[in-house]
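Some structures are shown below for you to check.
Paired with subunit B in one complex and with subunit C in the other, subunit A is shared by the two complexes that follow.
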Partner chain A sequence: MTDTRPGQRALRTFAAGPSTGLRRVDARMRIIAAAAFAVAVVSLTSVSSLLAALAAGFGLAAWARLPAAETARRVVAVDGFIVLTLVMLPFTTPGEPLFSLWGFPASREGLHHAVLIALKANAVILALLALVGTVPETVLGHALARLKVPEKLVQLFLMTVRYIDVLHQEATRLRTAMKARGFRPRTDLHTLRSLGWLVGMLLVRSLERSERVLAAMKCRGFTGRFPLLDDLRATPADWVFLAGAVAACASLVTADRLA
Partner chain B sequence: MSALFTLSDLHFAYGPERPVLTGASLTLAPGERLALVGDNGAGKSTLLALMVGLLKPQGGTIAAFGRDRRTEADFAEIRPRAGFVFQDPDDQLFCPTVAEDVAFGPLNLGAGKAEARAVVAETLAMLDLTDFGPRVTHHLSGGEKRLVSLAAVLAMKPEVLLLDEPTNALDARHRARLIEILRGLPQAMVIVSHDAAFLDALATRRLRLEDGRLQAIT
Partner chain C sequence: MHIVDGALAAPVIVAASAVAVGGTAVGLKSLDADTLPRAGLLSAAFFVASLVQVPIGPSSVHLVLGGMAGLMLGWGAFPALAVALALQAVFFGFGGLTVLGVNLVNIAAPAVLFGLLCRPLVRGASPALAAAAGAVAGGGAVALTTILVGLSLALSGDAFIPAAKLVFLAHVPVMLAEAVVTGAAVGLVRKVKPDAFGLPRIGAEGWSRA
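== the complex of A and B ==
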């Protein structure tokens, strides 16, 4: 069954692909590999080794068969967060002036810094999207639990995944009902008040729902423990993948030290 | 055989200005499928919640499975034996996958993982949902959610089923399926519903909840 509700699309685009290539690797190995890659890349200092890391990021994205347009959209979204820092760096770092804009000198050192940060951010985000972004949410929860992430955090994550869509539908229904009665957002007090009620209503409904969920859990003998049933099993190929990933990260770091 | 549930003279109010039950009594015998009808807000869901101790009555007594039940510990013991199927399956299915949700009850009752998986397979097969195990609960359709939430309750092997508006938001196909499944189950049931045709297909006895009391419909 395919689900075309809007809330679902954003959550599932990447995980929905066919289970081939990188996507067949055990989720735990992919999470560890992504973490190792991020740590290695952040420690790199030369542009050449960072270009190699970025190439690795693109390679992983291709291996995972990430959809190009959607991937670009997400990478740009992340870059949006750091673009201000990148633009400001050349003008705020002291050093040899390279050019000047409206009388403000830009330094070579600052520009160098900005390039390093941009390369690091994009290499890591590509690897993260390819390695972890393709893991279905529930499998991600199971894998985190197996990696000994505290049980409460895993449950918080899984419950959020479970109910975010229910909440989204409730919000959509309320918005539709408002529209059906001629509500159009404007910049006036009436709009603010109506939106306030919408948010308040969502909070009240969520609270009531959480009480009903707890009641339903109690009816099935809930005593405070959340049992998980997963089917994660690491094959020799998964261990080879992890060994390869760690070796690649180590060689990146070594090459960077030698350069 | 003696009654599974005996409720005597139950009083319950959500506040001094909102009395819901004012002397409600009923008995549920083995094999009965008892229909509970009444207007919106008459207190039908409240009565079911009282039966499994999710709410506590302000007066009257509840006896279940041959004993008076008062404390939370009493009710914790009867909840697996009186399976409550909630009105909104989204309230009930909170686990990531169908298999985990169905296994939640058995695991809480002390089953091992292998044993729980066996119960899951058996229960899903019984409801013709064999391939549903790995499905993600929030991607199911409304009708599928309803059947899975029934499976999750049946996995505890209850002796009584408490069904709160089970045909809510069901399409004709899933509704027919649900009737067929419920008719085949040996459990005694209390069915709260506004769906007259559904009750005609199932009920062996009917009670109307009105002005806080239960009256037999003949």
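== the complex of A and C ==
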């Protein structure tokens, strides 16, 4: 998980940026395109078509003007256990031995499998960050609502993104107070219990804040519906984008099957 | 514990996604106009709390807090964690898109299970028992999540089984850390805010109770 420093937003997205190129496309089309791309990529079987998919991912990232360094950092930061799983695959898959490490033979089939997974994962992440990661959080919520995601789930989504930064500041204040009293995280019981109290205090404060928020919402006539005031309007260019994206995904899959 | 796209077999993805949709639907049913802000704020709080790094030796891990989410939200933990996982995938590039349902089931199902099982003791009269139940919920949820992650991989190919076993062993310190943290958090929350565990029942006399 990304570490955050004081003053930094907890939910740092790529939404801030020039409203050009890919970023001008209707958010709904971008969500559908990302989903189609992910399903297509996961079904690919050959390294060559996956390289094409990865190139498409890079192309989308460039089109969306993603900042290169930050994007690379996020793509590289996968869970340690996935790295472990991929590294072990060549040694646990039976097949033609390719090389051996400390007496353990690595199979060609296992290496091939690991490479396929790595290519798929990276292609999808790049496309996802470029297509959907550049949509502002609230617009994403509205787009999901227009895509018929259940209303309550959208409300939960909007409430969550609204308060992540507020509560992150709350947590930062609690951390500062701990630090001022000389707390330094170590590997010991005291640290774990102190962090537990930090989490507990954060949860208590968020509950109390939720009571005030609910009262304020009731006061303004909240009865379970958020009127969503969005200006999502699909232009002919957006439909062209969607058609192009679906055609590209279909041709990726077709080329993969024929190869 | 985020599985990435491309690692799992299609049947695993389809089955887990169906369970994920079902669990989220049950969770959403438990939310209404009075409890939604509470679930939303808690969802945001859990997202923030999961950024907390816990030092383990020279390395550090981040908290999951699934057990705590289950204790406080019950089935509502399903949609709350769905939102958190979607945000992590879309904005941080953590996990993936086709595996969203798998990752959700792996984290939320243990959260709900341990949350509901341990909640009576957490609400009970004895502070020691409550903290112990909190620790069981915290550590147990991580343990079961690790097992489910391993199972998702093992069902997708025998070659993943050794890695799955190793991943479980590597996560034993995380389970212990999560148990202590959740136990301490439960102890504090039940002292300061005794009605924090579980959403108020729908229809139960309006928002003053929430």
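Keep this in mind: the second predicted complex is superposed on the first by the 230 of 259 C-alpha atoms of A that agree within 3 Å, B and C clash if a C-alpha of one lies under 4 Å from a C-alpha of the other, contacts with A are read in each partner's own complex, and residues count from 1 in each chain.
FYI, contacts are C-beta pairs under 8 Å (C-beta built on N, C-alpha and C of every residue); 3 or more make two chains touch, one makes a residue touch a chain.
Here the structure is a predicted model, which means the values were calculated and not measured.
Residue contacts after overlaying the shared chain place A:253 against neither subunit B nor subunit C.
Taking subunit B and subunit C in turn and counting the residues of subunit A each one touches, the greater count comes from C. By the touch criterion defined above, A:218 lies against subunit B and subunit C together after alignment on the C-alpha atoms of chain A. Once the two complexes are overlaid on the shared chain, A:206 sits against subunit C while remaining clear of subunit B. When both complexes are overlaid on chain A, the residue A:129 reaches subunit C alone and has no touch with subunit B. Of the two partner chains placed by superposition, A:36 touches none, neither subunit B nor subunit C.
Shared-chain residue A:138: touches subunit B; no touch with subunit C.
Touch criterion met: A:228 reaches subunit B, while subunit C stays clear of it. Once chain A of one complex is fitted onto chain A of the other, the partner contacts of A:161 extend to both subunit B and subunit C. Residues 1, 3, 137, 158-159, 161-163, 166, 209, 213, 215, 217-218, 222-223 of subunit A are contacted both by subunit B in one complex and by subunit C in the other. Put simply, subunit B touches subunit A in their complex at residues 49, 52, 54, 76, 79-80, 83-84, 86, 88, 90-92, 94-97, 99-100, 103-105, 107-109, 113, 116-117, 134, 136-141, 152-153, 156.
Touching subunit B in their complex are the following residues of subunit A: 1, 3, 8, 136-138, 141-142, 158-159, 161-163, 165-166, 209, 212-213, 215-223, 225, 227-229, 231. Here subunit A touches subunit C in the complex through residues 1-4, 10-14, 34-35, 38-39, 41-42, 74-75, 77-82, 84-85, 88-89, 92-94, 110, 113, 116-121, 124-125, 128-129, 132-133, 137, 140, 150, 152-153, 155-164, 166-168, 170-171, 185-187, 189, 191-204, 206-211, 213-215, 217-218, 222-224, going by the rule given at the top. For subunit C in complex with subunit A, the touching residues are 1-7, 24-25, 28, 31-34, 36-45, 47-57, 62-63, 65, 68, 72, 79-80, 82-84, 86-94, 96-98, 149, 153, 157, 159-164, 166-167, 170-171, 177, 180-189, 192-193, 196, 207, 210.
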